[in-house]
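Dropping the structures in below, format is structure tokens.
Both of the next two complexes hold subunit A, though its partner changes from subunit B to subunit C.
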Partner chain A sequence: MAKKVLTVDDDPDVRLFTTTVLEENGYVPVEAGNGEEGLQMIKSEHPDLVILDVLMPRQSGIRLYRELKTSKALANVKIIILSGIAKKTFLRSQQALTEFGESPVPEPDFYLEKPVEADVLADTIRKAIG
Partner chain B sequence: MEIKKLMFVTKFEDLGYEAVQALLSLRKASLEHIVFMNVIEREKVAMQRGVGYKKEEAVRLKEAANIRFIDWAERLFEQGMEVGVYIQIGSLEGEVAKAVRKEEADLVVIGRSHKTAMEQFYSGSTVTGIIRRVAVPVLVYKPASESPFSLGKPFERPLLATDWSPASLRAIDYLLPLKPLIQEVSVVHVADEKEIEGSSAMQAQQIRKDTKRRLEELCARFEAAGIAARAHVYVGEPEPEIDKAARECQATMVVMGTSAKMGWVERFIGSTPREIAEKSPFPTLLIPPERR
Partner chain C sequence: MTRILLIDDEPDIVRVLSRSLRADGYEVSSATSGAQGLAEFERVHPEIVITDIKMASMDGIEVLKQVKRREPEAEVIIITGHGDIANAVEALHFGASDFINKPLRDEALTIALKRAEEKIDIRRRLKEYTLDLEGKIEIATRELRRRSNFLSKLIRSSYEGIVATDEHSRIVVFNPGAERIFGYFQDEIVNQRHLSELLSEELAGTVQRAMTSQRSFKELPWREASIASKSGEPIPVMFSGSILYEDDQKLGAVVFFQDLREVKRLQRELVHSERLAAVGQTVAGLAHGIKNILHGLKGGSYLVDVGIAKKDDQKLRKGWEMIKRAIERTSNLVMDLLSYSKEREPQFETCSPNAIAAEVCDLVRERAKQEHTELVCDFDPAIGSVRMDPHTLHTVLLNLVSNAVDACLFDESTSKKWRVGVRTAAEPGSLIRFEVSDNGTGMNDEVKEKMFTSFYSTKGHRGTGLGLLVTHKLVEEHGGRIHVDTEAGRGTTVTVWLPFREAASKA
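After this line comes the complex of A and B, so read on.
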């Protein structure tokens, strides 16, 4: 059965790009436009992988990542961060939140900075979920 | 009325990152989330005869805004803040109102209007246009270089200018949770010159005394919450007197209630909050009337 991949990004052009890459590589794409919507879809669609943007309306990818990694039920969801925000910033931000008393979270396994080539994205998806 | 989420609306030339930094003092109260917004006016990319829709220009403007916002967002994320971004093409007032509803923001921060007097007469002021459409307070921020006493701490010495309207009294509830940021509040009423015209010195003093007593009652509400407050009575035209009071009290911000006056009425008879928001060098926090 084809694996399901959820893209959480507010930019419709990015969602179109990832959807095309996913379909061409035999995955089933689903989409959400912000972090809140993304969390709902993770719970309802049970994707095998989430491609997650950071800077979005309503809820950022930083918060959604943290929610997933601190949830017993969702901590194992595979995630690729795909963002214009630098990885260094993502890590510092998580560190700052931990310093403010929130639970520590692990580093993301995969982090791609935008813009990304289609073959790089496809390779990373394969590495993440086969 | 806590400020947990603020929407920072910028055209970049009017409000820059230094304004964001000054507003970060709100973290001492309850600020957790800043949403940046840039609205590209439709005319800049609209359909034109012989040119059509200027898609490349739209992409260029959106990307330029995105690059600025990514830079600002990175700095805030690294401090543990939550950040969001909207870059829209459309009318400023309409897009801000939509985003405020979607985000459930507690405060909108904008720069002063760049419309000319004639444009304001025909299409109304941007500031009042926004405040009529959103149910949350609007802070019209002025660059530090324009504000005599802002020093990057806009909430340190607010001046509440009250005309006893429900919205200006509602401003008290808005300021109370900002206690950790406030050094002292000046509570000011500008009495109409006509009220004391033709009265004896005794009558004029009585008016001043009665007004001061009413102001002291408002000050008592601040003091009960542990915020120092001082009452001041001025007499004359509201706009210059409020400006004078702000200077004399070394205020860092003017806080006022706004009425629900219709746009066209306001264009003809004017509005003190709009005048102060757009002409005074002090950042101006406008509190809307309660919506039913």
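After this line comes the complex of A and C, so read on.
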């Protein structure tokens, strides 16, 4: 059965691009426009992979990533971060939250910086969930 | 010691009297004839002459006349015969100080001498006093001249422009500082021009009002103003003035000008170089915005490729639209960058600030609604039509209102009812206050510190980090100011004050 991939990004163009890449590579795309919506979809759609933006309204990717990684039920959902901000900046924000007393979270397995080529994105998805 | 010359043709009297006077402490010389007496007078210059009136060849009256001719201040005492009143009167008439009768009695002589000495003393003191007074006046005059020189040198060498007028506003002082600022020579101005011919109507009016009002309005405090030089060049100055009084009488006015051209030029250079330095930092600061745009371009071209390969029209069209949006974003970013790095003089035009604010609200309202944010407008109807730069106002308000909506959009609160308020208000001093408030995310200290200083954004693909920089620059160029009140989690209120000019009356 085709694998389901959720893309969470507030930019509809980014979602359109990602879902097109997913379709072209035989995955089933679902999408969410912000972190809050993203979390609901993860719970209701049980995607095999989440492609997550970082800076978004309502609930940022930093927050959603942390929530997933610290939740027993969802800690194993595969995640690719796809963002305009550098990986270094993302890690620093996570570290700052940890220093403020929140539990530490592991580094993301896959981190892609925008702009990303379609084939690089497709390769990374394959690496993550086959 | 008082010197006495004694003249009598009777040697016995001379001898006895000389001895007695020397015993009284006088320095005595004597003669036994008028002619000899005058010769002796020339030699010793006695203060007092005692002469017998009846003498052979030259009598006492003649001696008196001769002595007075030589030395009007010499005291002459005449010795007259008993009862010779007529001669005595004549002697007094010719300036004798006293007369004594023969036979000579010591008391009478003592009294006469004492009177004569008193007169001499009073005259001496009067002379000393007069001399002293003259000396004092001389010193005072010198001091006055010195001070007046000092003051006029001070006025001449002052770097400030100093212009003084008489009570009819005619210019009487125009120092080299003023020559430098106004470009006129002193000779073209002093005693020829009135202050109103040199200053704008508004400035001259300020001085005029101070002149005609009562004492309460004596000092005009320093403020910035603009004057026109001889060549018509507008020159920024600091201006102050003072009404001059002597007792209660108005003497005129003095006004001071500080040339601000250099200061303004340096300020402009500083601002410009700071801005260029900031543009230099964009390479790093803008990377994020540019990456998002590139992502859109790549994504769009990928969709176009897929559309072409699969002859899928819909994909092709969507890809093309994506590319167009990325181009639009590129264009916005570049225009923002240009408008930030370029200097621009505000263009004052007659416009309605409230109408511009309403237009901005209309532009943003749809998006605010999509994001469940209420847009509340409150415009002051007293504002009407004024002259200001509509482009500045539009850009500034659009930036601020968009920011306010974004602040609500990025707020992670689950309980808030988001609201963005846009208010305008007329304020004294030809200012309009624009207030854009939201109850969104607010800013923490880090963001607050960075908001005006570097290309910095917290808004993901929506932000270039340029909006507030451009806003700040436009407000400053328009001579306004901006204030930000913010609290993380509670919201932000940005207040902008922009000066306006009166709209030309519609005739």
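The rule is simple: the second predicted complex is superposed on the first by the 130 of 130 C-alpha atoms of A that agree within 3 Å, B and C clash if a C-alpha of one lies under 4 Å from a C-alpha of the other, contacts with A are read in each partner's own complex, and residues count from 1 in each chain.
Everything that follows uses one rule, which is that a residue touches a chain if its C-beta (ideal position, glycine included) is under 8 Å from a C-beta of that chain, and two chains touch if they have at least 3 such contacts.
The structure displayed is predicted, hence computed values, not measured ones.
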- [ ] Name the contact category of A:F100: first (subunit B only), second (subunit C only), both, or neither.
- [x] first
Task: Partner chain(s) touched by A:I81 [first = subunit B, second = subunit C, both, neither] - done: neither
TODO: State whether subunit B or subunit C is in contact with more residues of subunit A in the superposed arrangement.
DONE: C
TODO: Figure out whether A:T20 sits in contact with subunit B (first) or subunit C (second), or with both, or with neither.
DONE: second
TODO: Would you sort A:E113 into first (subunit B), second (subunit C), both or neither based on which partner it touches?
DONE: second
TODO: Go through the superposed model and pick first if A:A128 touches only subunit B, second if only subunit C, both, or neither.
DONE: neither
Open item on the list: For A:I62 in the superposed arrangement: first (subunit B), second (subunit C), both or neither?
Closed with: first
- [ ] State whether A:A32 touches subunit B only (first), subunit C only (second), both chains, or neither.
- [x] neither
Task: Intersection of the subunit A residues that touch subunit B with those that touch subunit C - done: 10, 54-60, 63, 84-85
TODO: Over in the complex, which subunit A residues touch subunit B? Could you list them?
DONE: 10, 54-60, 62-63, 84-86, 89-90, 92-93, 96-97, 99-100
Open item on the list: Show me the residue ranges of subunit C that touch subunit A in the complex, using the header's touch definition.
Closed with: 288-289, 291-292, 294-300, 302-303, 306, 315, 318, 322, 325-326, 371, 406, 409-412, 458-462
TODO: Using the touch definition up top, name the residues of subunit B that touch subunit A in the complex.
DONE: 35, 66, 69-70, 73-74, 77-80, 82-86, 99, 102-103
Task: subunit A residues touching subunit C - in the complex, by the definition given at the top - done: 10-11, 13-14, 16-18, 20-21, 24, 53-60, 63, 84-85, 113-118
